[in-house]
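Next up: the structures, one after another.
Here come two complexes built around chain A, the first alongside chain B, the second alongside chain C.
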Partner chain A sequence: MLWRNFTSAIVSSGVSRENDQPAAMKRTTKDILLTSLTAVSVLLILFVIVAMLAIIFIGGWKNLTWEFISEFPREGMTKGGIFPAIVGTAVMTLIMTVAAVPFGAITAIYLAEYASEKSVLAKTIRFAVKTLAVVPSIIFGLFGLGFFIKFIGFHVDNLFNNGELHWGQPNILWASLTMALLTLPIVIVSVEESIRTVPKEVREASLALGATKWQTIRQVVIPGSITGILTGTILAISRGAGEVAPILFTGAAYYLADLPKHMNDQFMSLGYHIYIMATQSTNVDDTLPIQFTTTLVLLLLTFSLSMVAVILRYRIRKKAR
Partner chain B sequence: MKKSKEIQSTAASLQTTGFASSILKKQFRFDDWLAEKVIKTVAFMSITFVILIFVFVFRETLPLFKNISPAKASMESPSTLPSETLAPEVYDPGSSEADALLQPETYGDVVEELPSNAEIPGNPPSEQVTSGSENGNALATLASKDWLPVSDRPRYGLLPLFLGTLKVTLIAILFAGPVAILAAIYTAMFAPRRIREFIKPAIELLAGFPSVVIGFFALMVLASFFQDLLGYSGRLNAFVGGIAMALAAIPVIYTLTEDALTAVPGTYIEASLGLGASLRQTAFQVVLPTATPGIFAALLLGIGRVFGETMIALMATGNAALMTVNPFDSVRTLSATIGAEMAEVVFGDTHYSVLFLIGSLLFIFTFGLNALAEFYFRNRIIRRFQGK
Partner chain C sequence: MTDSKDSKVSVRDLSVFYGANKALNKISMEIPDKKVTAFIGPSGCGKSTFLRTLNRMNDLIGNVRIEGEVNIDGINIYQKNIDVVNLRKKVGMIFQKSNPFAKSIYDNITYGPKINGISQKRKLDEIVETSLKQAAIWDEVKDRLNTSALSLSGGQQQRICIARTLAVNPDIILMDEPASALDPISTAKIEELIHELKKYYTIIIVTHNMQQAARTSDTTAFFYLGELIEMDKTRAIFTNPAKKQTEDYISGRFG
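Up next, the complex of A and B:
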């Protein structure tokens, strides 16, 4: 009921605007109906977002204590905290960032500064980046397994470890690199967007002063688009922290007694933890609060990150105008 | 005017060559050259990645095709198998692939041959043959109606998986498409400016929800909610999964549709309003038809998003490979099958290869969708705005 009232309130505000338009003086029922339908759609989406946030928040809030964040799971995951999952996610995203951001930023520099719009290479790169952005995340998981673990890892083991299994098995490095590939397009798109906001005049001034192209890029363009690089990094972290499918079989583990110490250790991850607890836990009633709180922690993490990114991006776009 | 400019420029160039050519002439700079080469190489790598993904996902499916030839050999001469059938261990992707493509009819015969081969126990060469024809058998069962990878006679029928994926995708798009497009119309056409600046980032925040969180929400909340509402028996089914995936597809469709709508030239809107059309008429009869190619592209990418979605499918669809069209039956999607079974298979066996085959199909499908959205619809929208 409350939801109905809310709807009609916003709808009427949307329609009343039409009154100001001289063109819309004769409003038919059809006009009102269709216009309200669009407004209802917006409200439906917003309602779902709010409901999702509210339910997860209410379900997980009580349990969110310092102990929950700083302790290992105990008694078959029914008690204790999620500390190793948080550390695992953090380390994984850190390695991922180190791999993806320089790579993405350099590709963006090429697309924005060196490549001409019509060159075939640039067009192909753009298409490749778009393809990377739409390939299902599970395919990245398969790729990580087929390429990093079974190809590179296998050959490294054969060469340096006499075939002993060190790198030819799921571990945090392969998972992070797989995730880096997944987040690469995000970095490229936001860095390129911000590079394009650096005014042409600034570049020309630098060139006119005798700086070479590379000097101009290094000392004028990159400092001018640092916000964009930051935005891309944050968005990539937000995405990488939440994705589970690529790490399902490239490095995530259900339970580990230790934190990852080497690059070839497995790790626990927040998203994977939620998935396993929600689908394969034998004692749903006992673990339900833990599941909700873990989801809340993951949501707070990704959400606050994308919030920061949205604000940064808004600033960049404002500057561009 | 022109002439004077020319004179100026020639004078300038004369001066340059005159006394400062050594300084002003573009000289070879090593670091500049190196930077450009490095940057270009790195940029080129993203093309390499796409190719690598395709190659390495496809590579793991090769054992399926590779062992076709031994299987055929066993069929032709069951008594003289041993040494020849062992030989094709050599890694030879090209020819065997061609074999597989050329003679699909033989798969059926292979199946009939299999039991007799399997019945001979304790004979190493024939066991080798069995594993060979098992792969042939696997290919033969790909079109069957059963997905039973872990059983005495494993069957890898992809039909229920395809049907399940199709069902979930259809439900998700039927829900997400209209809602997202209507919401985009409201944002682009009707919303007052202040509300618009709030709505757009708010809906885009939905894209910031990790899919595992949406899956969790569907599993814990939506499933029970819809069961109470509609009263069906299985808690997790295609409908719940479809609705949950719609939540993942909405931001994709919404953002791209909104872009397409705002890209419609303002003159169109002004002309329509100037002719006395209402804002609603303008939105639905002028702006919407003009932006159709863009909206189709948005829908295609939305379909791609749902098609490959793994975590939501794993958590909310029930994961039973049934051959029914009832939306309230449990389904198993292609991507969920990979996600659920890859962790449990033996590396390198038939089941493993079939999972990679499913991955290749998913990759090819989304690649095609993206190419279609990118080239076909984009060209159309550009042509349309140029008035051709």
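Up next, the complex of A and C:
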């Protein structure tokens, strides 16, 4: 979320530069104008961020207790904690990562290292990645419902369970895989970009020493771009951790008395929990504080994931010096 | 000129095409063993392209077509069953811009030997020491082998790259303008090093700097517009060139 606002700050300052004034205008006037425009947009963004964080923090801080973290919701979500939602989000994020990162990384390595510029396959993959990246997340949810649940799940049940419903219904596996599809383009793009930052000269040095292409990729290219790869991956994961739309029809549950025990159990998730408390509750006065605190927990979770990315990058850079 | 019998590399009618563009036209030459051969010529004359055909680095660029033969120790490196990876172990290369890996000095040097399957610590230590000594940089780095190679100066980095190449024990070392990004003192060190190394290795150097060619090489080849204009003992090229184009170039009338 922060990151998006930040990019929009960059974009808006870029736009103001494009609307540049006539050349007749004096340099100094133009400079002052541009400087103040930039300052205003930066301040605006800062204001939005600070205001948002402050509201959530003030609203949610007092309820953030160990009980809140470790207990199930009670009495129609007006009391108790959000433990199952935290666990659900964590497990979903984990399965999503295991599914998306290897596929994404291998695709990125193929695109950056093996595909020739004219390769039709590479062009097709690039087109698909770009398209996937702009598909609204709710469409991923519908796709997950249609493909994983209605198609794969239904056929698996028909083949192995005599048509008894096991996989042809929303569950944590399908939800995680749907989410993996959503994060896949982000992983591919960020890993490919980081791999491309490794200079051609360094690859040539390795090849000239008699290394094979794969040895070069494994021992020079990937270590040389590991910071970017990790950062991109973690950002993609934190994006997935906060999304709601893709899991709406594919596995998230309103309320469960138990934690998910199998891959075909449904689960509770932080983002979805916020959504249902905001829209489905009959007792808004009592759920509002819980909602604030849940939002705070989700924010802390994604924020700490981003922090891990930052720290990793810093560590590895220091080591490379 | 050298006879083909004591030449290390023997090139016959080598042409290189980038798409429809002919970058090199029917080059033939003999490169003597354990000597320094310099390639000179103006930018875009094909000398670097030629150098890169000798360890098949041009294979990495798509859209390149090569005709003719490059025989190293009598074997054509463009014949079908040649293992390019092994060829590059035998024909090392130093690049214009020093390109150490973002690893420690020690790991830079052991990279090649490890790829070749050497894993004994004692053996690797030995290789590191001899390679760095041969590259005349041992004394400067022996106390900090575990620091990153990127922390060194440009000239030191280039000598690390040379040591890294020496560590795989090649026969031939190709140098593509190895000192063009360095200051005069570092350049002098590299040139001194070339002089030492030619006792054990066949060295082929591309350079823009004619004084450098004159100082370091035994044989010089002058390229112009993808043609080999003239090749002779360095002294002869610089004092009494046979072709007018060579004379014009070395006397600074063009290029």
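Simple rule for what comes next: the second predicted complex is superposed on the first by the 259 of 321 C-alpha atoms of A that agree within 3 Å, B and C clash if a C-alpha of one lies under 4 Å from a C-alpha of the other, contacts with A are read in each partner's own complex, and residues count from 1 in each chain.
We take it that contacts are C-beta pairs under 8 Å (C-beta built on N, C-alpha and C of every residue); 3 or more make two chains touch, one makes a residue touch a chain.
For clarity, every value in this text was computed on a predicted model and none was experimentally measured.
Asker: With both complexes overlaid on chain A, does A:291 touch chain B (first), chain C (second), both or neither?
Answerer: first
Asker: Using the superposition on chain A described above, determine whether A:201 touches chain B (first), chain C (second), both, or neither.
Answerer: second
Asker: After the superposition on A, what does A:116 contact: first (chain B), second (chain C), both or neither?
Answerer: A:116: touches chain C, not chain B.
Asker: Between chain B and chain C, point out the one touching more chain A residues.
Answerer: When the residues of chain A touched by each partner are counted, B comes out ahead.
Asker: Tell me which partner A:137 touches in the superposition: chain B (first), chain C (second), both or neither.
Answerer: The first partner, chain B, only.
Asker: So, A:219: does it touch chain B (first), chain C (second), both, or neither?
Answerer: A:219: touches chain C, not chain B.
Asker: Touch test for A:306: chain B only (first), chain C only (second), both, or neither?
Answerer: first
Asker: Looking at chain A, which of its residues have contacts with both chain B and chain C?
Answerer: After superposing on chain A, chain A residues 212, 215 contact both chain B and chain C.
Asker: In their shared complex, at which residues does chain C touch chain A?
Answerer: Residue list for chain C touching chain A: 55, 57, 60, 62, 85-86, 88-89, 92-93, 95, 97, 99-103, 111-112, 115-116, 148, 150-151, 161, 164-165, 168.
Asker: Sort out for me which residues of chain B touch chain A in the complex.
Answerer: 29, 31-32, 35-36, 38-40, 42-47, 49-50, 52-53, 56-57, 59-60, 178-180, 182-183, 185-187, 189-192, 195, 199, 201-206, 208-217, 219-221, 247, 250, 254, 273-274, 276-282, 284, 301, 304-305, 307-311, 314-315, 335, 338-339, 342-343, 347, 355-356, 359, 362-363, 366-367, 369-371, 374
Asker: Any idea which chain A residues touch chain B in the complex?
Answerer: 13-14, 17-18, 21, 23-24, 26-28, 30-31, 34-35, 37-42, 44-46, 48-49, 52, 55-56, 59, 103, 106-107, 109-111, 114-115, 121, 124-125, 127-132, 134-143, 145-147, 150-151, 181, 184, 188, 212-215, 217, 238, 241-245, 248-249, 271, 274-275, 278-279, 288, 291-292, 295, 298-299, 302-303, 306-307, 310, 314
Asker: Residue numbers of chain A touching chain C in their complex, please.
Answerer: Contact set of chain A toward chain C: 116-117, 199, 201-202, 204-212, 215, 219-220, 223-224, 320-321.
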